[in-house]
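What follows is chain A paired twice: with chain B in the first complex and chain C in the second.
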Partner chain A sequence: MNSFLKISNIWKYYSGRPVLKDISFEVSRGEYFVVLGPTGAGKTTLLKILAGIVSPDKGEIYIDGKPMVNVPPEERGVGYFPQFFNLFNHMTVWDNVCFPLLVKGIDIVEAEKICKEMLSLMHLLDRADSYPYELSGGMRQRVALARALATGAELLLLDEPLSQLDAKLSVELREELKSIARSLGRTVVHVTNNVEEAVELADRIAVMNNGYIIQVGSYDELRRKPKNLFVEYFLSDVNVFRAYVLDPHDGLLRSSSDVCFKFRVKPLCEDASSLLRSGGEVIVCVDSDVIVLDPPSDSGWNVFDAIVEEVLFHRGGYTYILKTCCGATKIMMKVMDEMEVGIGCKVKVGFKTSDARIYDVSEYDSILYHGG
Partner chain B sequence: MPSVDIVNVSKSFGYIEALNRVNLTVENGSYVCLLGPSGCGKTTLLRIIAGFIKPDEGDVYIDGKSMKGIPPERRGIGFVFQDIALFPHMRLVDNVSFGPEVKGWCYKDSLKTAIENLERIGIHMGRDAYPNEVSGGIAQLVSIARALAVRSRLLLLDEPLGALDPKIRVYMKYKLREIVKGFGLTAIHVTHDQDEALSIADKIVVMRRGRILQTGPPKELYWAPRSLFVAYFVGEANIVEVVARCSGGSYIADSGEYKLICGWVPAPIEDGKRAILAIRPEAFKIANQDMDRNTIKVEVSSARRIGRMLYLGIVLPDGVHMKAKIWSNTNVEPGSRIYVKVPESRCFLYPYPKAGLTEELSPV
Partner chain C sequence: MASLYRKGGLILKIAILIATAVFVLMPSVFLISFIPVNWDEIRYEIFDNPIVGDTGWKLIQSVLIFSFKLSILTALIDVCLGIPLAYILAYGRFPGKSILDTLVSLPLVMPTSGFGFATLISWTTNLGLGGLFGLKTGVIDITSKIPVVDIPILLLLVHVTLTLPYVVKPLQARFIDIKPSLLEASRILGANPFTSFRKVILPLSLPALLSGSIMALARSLGETGATMIVSGTYITAAVAIVRWEFEFKIATASFLGALLILSTWAIVLPLEMMLSRKGWVSLPKILARLDLERRVIVLEEVLSSSLSSIIGKAFVVILLLILVVLPIFSTSYSAFLYWGKDPFTGKMEGGILYQIFMSPAGYGSLLSRAILTSFIVAGLSTFLSVCISIPLVYIIEEYGFGRVLRTLLKIPLVIPTSALGISSMLLWGPRLFNIVTPGVWLITLTHMTFSVPVIVESIIAVFEGSDIRDCEDVARTLGAKPMELAELISIPMLKRGILTGAILSFTHSLGETGATFIVMGGDYTVSTLVVTMVESLAIPAALFSTLILIVFSLVFMGIVKVIAGE
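So, the complex of A and B:
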């Protein structure tokens, strides 16, 4: 791999507690790389270390092959966009973008040329004479981005650049951001806690939790082969059940919290099969969009009677919250079209035995604080 | 379960008009979301209902009773703030029992109600923890328990999920609705997040520039938006300029290269006039051939799959790019040509805005 940014074995401690644990990854030139994880995962610290604002306790950073750990921020050739950015309030939009270039010693003709180019990219040229307080939140964000881009840095470090915006604006700016980075050929490391944002922007995603990088890959790779329960759970709307193994050969399980809720699983990979030990407990994940109404009654399917508890509309269709009739296990089912069953109706639903993915029960803790 | 009536409410801050003659009825036991871009007046309206701000004109009625001159603490409301705002030096349970105690309840009763409320919200353990020891989601649930502790039946929520991680937000959406329905409350919830409003509310109120643009259930707002702004702001819409053709009572959007019969035309448009066609990404379906009405041959410019949903970039015969989200098990390759169909009822047609398209779509 032609790696432009290389990080190896980074450790960082705050008051004796590790916040970054043995972080290693590589980013190619021109790649849009997203670091995704919940609040407190260590994402911002990692980005600050790349920018040179915080130094690591252990580990190496290479940009374009050159070691960076002892290089001060201004000499690293990176454009850093902090989560809580500040514009100069007494300066116009134009000066906000132009001033840092002049400070860097770029001559005024060249600086004005770059400034004009960046503002036009960000659709801000007609607001060049406005002051920050005269602009909407989205515009201010675009000014800050223009300023980060104008430095000409080949590597852009963006810390939640879209999080302070209205949902609508944030989605619109997402598309612009990607196309601008592309057209300028910049390499980007973008930090976010928003899955949708990561999916839309990233060439590759690094999933981070609790100071570790858990898995790096394209969204498709992460979805197809999640390394553990956390990756699976964080990236998708998935039903999670804890269950005891009744019959390992047959894949028969029983919910840990609901004695009536039994189902069969047919693991597709060896690793998962080995988790099925008689009497053992496992975690079972079933995507909400593979659960169907009136499933075929053959041995490849698990079939349940359930009551519709709630029907929630969303843009891509409907989410049905179901409760199994025999016990009280909740099942989330996503469908495209509204079904002819309302709240309180009794339905037959099911999922394929091969659509269940299995994890070790010890992984359950990793998702507890994230809404599970 | 109280109802709320807002009658002709106006409010200005200096020269800025925050609310302009707003009228709204919130039925007993309903979950209502006030949705709009920053600065649309939604938070001001919530604060007027709470009694934190006095309207310049108009009045708020709770259960038919005028709230003129009635302070917030006597309106029977619970208020939940975006930044959670628990007392950091108090245990969770004390945060919840504090309100009743201030109201003069004895300690025993206050504590009993506090524990009851926490349990009903699903917090059975960890009541002795301090706010900084629990996750944001739990802390926000506790602040809801606190808002309900004085037996408030009307819950006012100001961006209650704004400070939480997106992943937790999804879970909290369901949880909030479950709490409101389970307790038999009436809820008014302010948000700028369309997805949040769409899946949590019985009724959404779309606001812009101090006025209400449309009120209705989520499905209606999404599939029958009365104005171009609502079509654009609530969710997503592909927006293109076309020529309107009308004959025999039905409308056709004519791009020059393709024609689509439009089933949702909320305002009359003259034949041959400029118009705006709006199509939601989810409106497209894959067709086998162009025998059907409203079927167009398009080129696929990008394709990505998320679960069973295909996210496509498509190029129409006139070169216009659109986004399509199609629920399908078959994959589509970029560069291929496919037929897509848009059901008539899902083609929206609006008169070309008098003040121009940019102005019509501007959030502020």
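So, the complex of A and C:
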């Protein structure tokens, strides 16, 4: 891989507490790389270290093969887009975008040309003489992007560039962002806590939590082979059950909080089956979109009677919140089309024993903390 | 290149810290060292004089007691008047509010000696209030005093007016900061406006009220310019230092100065440290314990009528008219009467024209020279202070010791300026450095001591209210080098704070009297000249000079308003 940005073993402490722990990854030239994680994971600190605003306590950064840790931000040549835009309010839009060209001492005719190009790319030419505080949120976002692009930097660092915008605008601008980065051939490191955004934009995603990079890969890889419970839980809507192992050979489990809720699992790999020890507790994850209505009643399926409690509509389908009839375990089921069952209806649902993924019970903490 | 910048930055920081220590902190503590070093001299002059015995010590005790009585009473009255004033200025909506707002702040920029003289003629002569009521004399005499506490009314009046803004301004700012939704919530829950104020707003504003009234107390303790003019036969500690220094009783003056500095510290520093750490204070719940609360609320309901709001506003207007506007008008009116000749005797020698432009005493040239001196000193000390203050703000914001440094910077603002003056004189003069003698340069150095803290505070206010730190970071990633960063981002973003601070420091320097008297040598400034004129009974010349000071301060007030409204 032709790696353009290489980060190895970055550590950062704030007043003795580590906020970045042994961060390493590589980004290839022209790649759109998204760092995804909940708030407080250390994403912004990571980006600031890449920009040179914060210096790491340990570790190395290479951009295009050159070591960067001791290079001050003004000599790094990266385009940094801060989370709250931080536009210079005492300058017009034009002066904001021209700023990097001015301080780099670029010839004035050339600078004006680049500036004009950037503003027209962002549809901002007619607001060039406005001040940032006179603009709407979307426009400010474009100015900040134009300013970062005007540096001509090959590497763009975007810190939650869409989070300050209202939902609809944010979705609209996603595609624009990607196409601009593509057409200009820039390498992008984009930080966000929004899964949809990451899925839509990223060539590869790095999932970050609690100062660690947990897993790097394409969305498909992450979905298919999540490294741990946190990755699975954060990337998709899953049902998470804590359960006791009743029969390790048969894969029979019982929910820890609901004695009536029993089901079977069929571990697909050695690691998972080793977790099933008689009387031990495990975490079981079942994707909400593998739960089906009226499942076939053979040994490969778990089948339950449940009552529909709530129906939620969202983009891309419906989510049904069900409650098992015996006991009170809640099950989330996601389908594309509306089903012909209303609230209060009794239904039969189920999932394949091989669709359940098993994790060690100690991993439960990683999802509890972040609003599980 | 980068390491060069880093090294340069470190050297600059150390240089700034040293400059702060030498120009700001040392003058305000140096006087303390005078006591142990010169103990023999002090004992001889104050405690154990072969001729007068310990008269010196008794004198010091009596001026200290009088000073504290005066300033505590002043601070108490400031609090009583300041709370309703700040409330109305913060929440009231009525025409002319911005004028009232300006009037409250006016004493902050007006040279106190000029203001003292203006108050003197408006109360004790028939050119002011007396004439308004058709009296042949003023409404009070300079010697009239409040019975029990034995404090001259006029002196108290002047001190209250000059220190009132120190209570009102921070309180008003705090009131505005409190979210209206809090007050609305309290009202919706059924509390009347008065109760809401007492239970919600006041507790949240206690830190501002406390630090404001401590500031008022300190300013009253150190007030010199106006006090020298209106105190009559009474003498406060701050004035005593100036008088004794003139009588070459250096040991006595320095000892009193050191005592004043120490006692101010004892009051201010613990409170400042507490407030800057916790950010709030709470009062014991006396009312609830005595079960008086219910009765108090009933009373507050009566007070909450719309009539009381009108009475409140009228009270504020009348108060400011009497305290601030009246002196300005009396002075202008008197200057008009005295223009060509003395209105009482008809003699041309008693007129402003003669005294300023023709008299052999040469008041005209003295005045123009004093104005020039004042502007040179104010301009120079402000400029140098700005140069120190901007990097100093960054040091305060960046390092852990910044909080302590910021508290230490409050010292020059609260210690009496005449004590500061004598400390400065001894520090730069014979007792330590021995490089500057009294004159323009020593005045400049002394004024820097309080100019730096004034400017630092107003820059910090802007700094902390903005995203300047992040903007600077972004500008660096965009390629700005340190010099470009300062020129294109930092200074433009802090411009408002720098300008406001500079103007405040400039007017402060223009009006400073206590320290200036001690360090000026033969170089009079306008405000010290006014005191000298009054003391030598050159009333028309004093009138004219006061009028000029008032015009200056109104112009500066206007500039501050324009900047603040930007």
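Here is the rule we go by: the second predicted complex is superposed on the first by the 371 of 372 C-alpha atoms of A that agree within 3 Å, B and C clash if a C-alpha of one lies under 4 Å from a C-alpha of the other, contacts with A are read in each partner's own complex, and residues count from 1 in each chain.
As a working rule, contacts are C-beta pairs under 8 Å (C-beta built on N, C-alpha and C of every residue); 3 or more make two chains touch, one makes a residue touch a chain.
Small disclaimer: the values here were computed from a predicted structure and weren't measured.
In the superposition on chain A, no contact is made by A:250 with either chain B or chain C.
Of the two partners, chain B and chain C, it is B that touches more residues of chain A. In the superposed model, A:195 makes contact with chain B only, not with chain C. Of the two partner chains, chain B is the only one touched by A:169; chain C is not. In the superposition on chain A, A:221 contacts neither chain B nor chain C. Legend: residue contacts after superposition of the two complexes on their common chain; A:129 is shown touching neither chain B nor chain C. Once the two complexes are laid over each other on the shared chain, residue contacts for A:80 go to chain C alone; chain B is not touched. In the superposition on chain A, no contact is made by A:294 with either chain B or chain C. Residues of chain B touching chain A in their complex: 37-38, 135-137, 165-168, 170-172, 174, 177-178, 192-196, 198-200, 217-219, 222, 233, 235-236, 280, 282, 304-309, 325, 327, 363-364.
Those residues of chain A that touch chain B in the shared complex are 38-39, 136-137, 166-169, 171, 193-196, 199, 219-220, 223, 234, 236-237, 287, 289-290, 310, 312-317, 319, 321, 334, 336, 338, 369-372. The touching residues of chain A, when paired with chain C in their complex, are 48, 51-53, 70-80, 82, 84, 86, 88-91, 99-100, 102-104, 147-148, 151, 157. Residues 1-2, 5, 467, 470-471, 473-481, 484, 488-489, 492-493, 495 of chain C touch chain A in their complex.
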